[in-house]
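Chain nomenclature is as follows: A, B, C and D, assigned in order of appearance, with residue numbering initiated at 1 for each chain independently.
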Amino acid sequence: MMNFISETHVRVRYGETDQMGFVYYGNYALYFEVGRAEAMRKLGMTYREMEEKGVYMPIAQMNVKYLKPGRYDDLLTIRTIVSQVPTSRMVFDYEIYNEEGILLCKGNTVLAFIKYSNHRPCPAPDWFLERLLPYTN
Amino acid sequence: MMNFISETHVRVRYGETDQMGFVYYGNYALYFEVGRAEAMRKLGMTYREMEEKGVYMPIAQMNVKYLKPGRYDDLLTIRTIVSQVPTSRMVFDYEIYNEEGILLCKGNTVLAFIKYSNHRPCPAPDWFLERLLPYTN
Amino acid sequence: MMNFISETHVRVRYGETDQMGFVYYGNYALYFEVGRAEAMRKLGMTYREMEEKGVYMPIAQMNVKYLKPGRYDDLLTIRTIVSQVPTSRMVFDYEIYNEEGILLCKGNTVLAFIKYSNHRPCPAPDWFLERLLPYTN
Amino acid sequence: MMNFISETHVRVRYGETDQMGFVYYGNYALYFEVGRAEAMRKLGMTYREMEEKGVYMPIAQMNVKYLKPGRYDDLLTIRTIVSQVPTSRMVFDYEIYNEEGILLCKGNTVLAFIKYSNHRPCPAPDWFLERLLPYTN
């Protein structure tokens, strides 16, 4: 088990809303992506480096619960949580709050590790697991 | 229980791919939306009419499993399945296939019925349930 | 000079609207892309093949005039016009109409031809120009 | 004439790239929107307030020149310039730079002022013009 939490912010763009006046449900995937990217940056690396080192992390699963609508110009807080040590897969949990601290949306994504050279699944790279070590129980 | 199945097609746009060379995971939400919209059209009404009659259907949940990558210019088949009679919620299941008949992605969404006048949940409108009657066991 | 016109259709998705209740202005770039892709398909090839043959066509310029709003579920007609023989650049003009035949939007894009192998501009490939020959004055 | 310049930053999301490995050309419209929104915030109001006061600002024109590709995870600088006092229209110019200071893209948008109550064009509201006064020559 492990316990790593990262918080980052995004402001809702007009183009991310729909005619209901709320954030379009598919656009939370972009916010989750921002949450993941900033979580990795906080761990001392970037997803861009991961790809440059020949490992891709496509999404295998996504689950989302929409609790309250997000609105244009809301400054959202994305809380990204890693609670399982990655194996050949990595789970990220997300909670998205608005400025009033209301939980708008929660969800998770499961990502695979894929070696670029042979397009095959591979375990999480050692150098990446080392970054997670301080957060491992 | 009920059994309604609708099939429709979308062609993957360049802007829906990402630098991995595949359809970006969040864009399947748009394809699910197309599947839902065409399923409703096949039932003899449109989601646009639903809103014009004062009922909104925001998304409450989405779950997606990504099995194989979708690629630029693929002509996808979206299979949309309704197997539960709607109450105050409605479940749509989706399967997305490419031209070779390979299942790329499956998922579901749970939608709520919301009355526009008071922004409160409401049961599925009678006139909508009537359209589903022929497919009910 | 040349004269090639292609027409294709897209239906406006909910996720392509914004809280003003209209198609978000940036999403017309996706419709232009659909127009271009179908124009090329009508010429007997696809943009996917172009890339497979080692030529990329990034966008160098886009100009758009928004005349009337597009709305959710509108079945749009995209008219794509090629009136100049491509050199190292290719110009596409677009007109987008709704079902009532009202012109919503017009614009153009200028695309470059780039050889993948050396990332350098190149002239339009001969096999592509041959496809355009029947439409050349 | 006037002279107001605002700078803000966005980080390129994975979902904003396409399979060419660059930012999809249509997504610069989102970056321009961020530039505009932050320019207005810097002037002491927000576009959200504009709408709440009954004035909408739909886009009438957009022109973009793509000079160099934007890439995933680039931290872009959006420079937004207002050099003409708004009348019933308002022009924003944009320049987008990457971290190396290379100009990737420049463009402009023309926005209309529309009164929500009657859906008719109107002049820029006085309270808005007052905010611009310090920057007017």
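Basically, a contact is a pair of C-beta atoms (placed from the backbone, for glycine too) under 8 Å apart; a residue touches a chain by one contact, two chains touch by 3 or more.
Keep in mind that what you see is a predicted model, and the values were worked out from it rather than measured.
Trainee: Measuring centre to centre, with centres taken as mean CA positions, what chain is farthest from chain B?
Mentor: Relative to chain B, the chain whose C-alpha centre sits farthest away is D.
Trainee: Can you check which chain pair, A-B or A-C, has more C-beta pairs in contact?
Mentor: When A-C is set beside A-B, the one with more contacts is A-B.
Trainee: Take the average of all CA coordinates in chain B, do the same for chain C, and state the distance between these two points in whole angstrom.
Mentor: A distance of 28 Å separates the two centres.
Trainee: I'd like to verify one number: the distance from the centre of chain A to the centre of chain B, where each centre is the average of its C-alpha atoms, in whole angstrom.
Mentor: Each chain reduced to its C-alpha mean, chain A and chain B end up 24 Å apart.
Trainee: Any idea how many Å lie between the Cα centroids of chain A and chain C?
Mentor: Centre-to-centre distance between chain A and chain C: 34 Å.
Trainee: Which chain C residues touch at least two other chains?
Mentor: Touching at least two other chains: 14-15, 20, 22, 24, 26-27, 29-30, 33, 72.
Trainee: Please give the residue numbers of chain C that touch chain B in the complex, ascending.
Mentor: Touching chain B from chain C are residues 11, 13-15, 29-30, 33-34, 37, 46-48, 72-73.
Trainee: Which bits of chain D are touching chain B when the two form their complex?
Mentor: Residues of chain D touching chain B: 14-15, 17-22, 24, 26-27, 72.
Trainee: Looking at the complex, which residues from chain D come into contact with chain C?
Mentor: Residues of chain D touching chain C: 20, 22, 24-30, 33, 56, 58-66, 69, 109.
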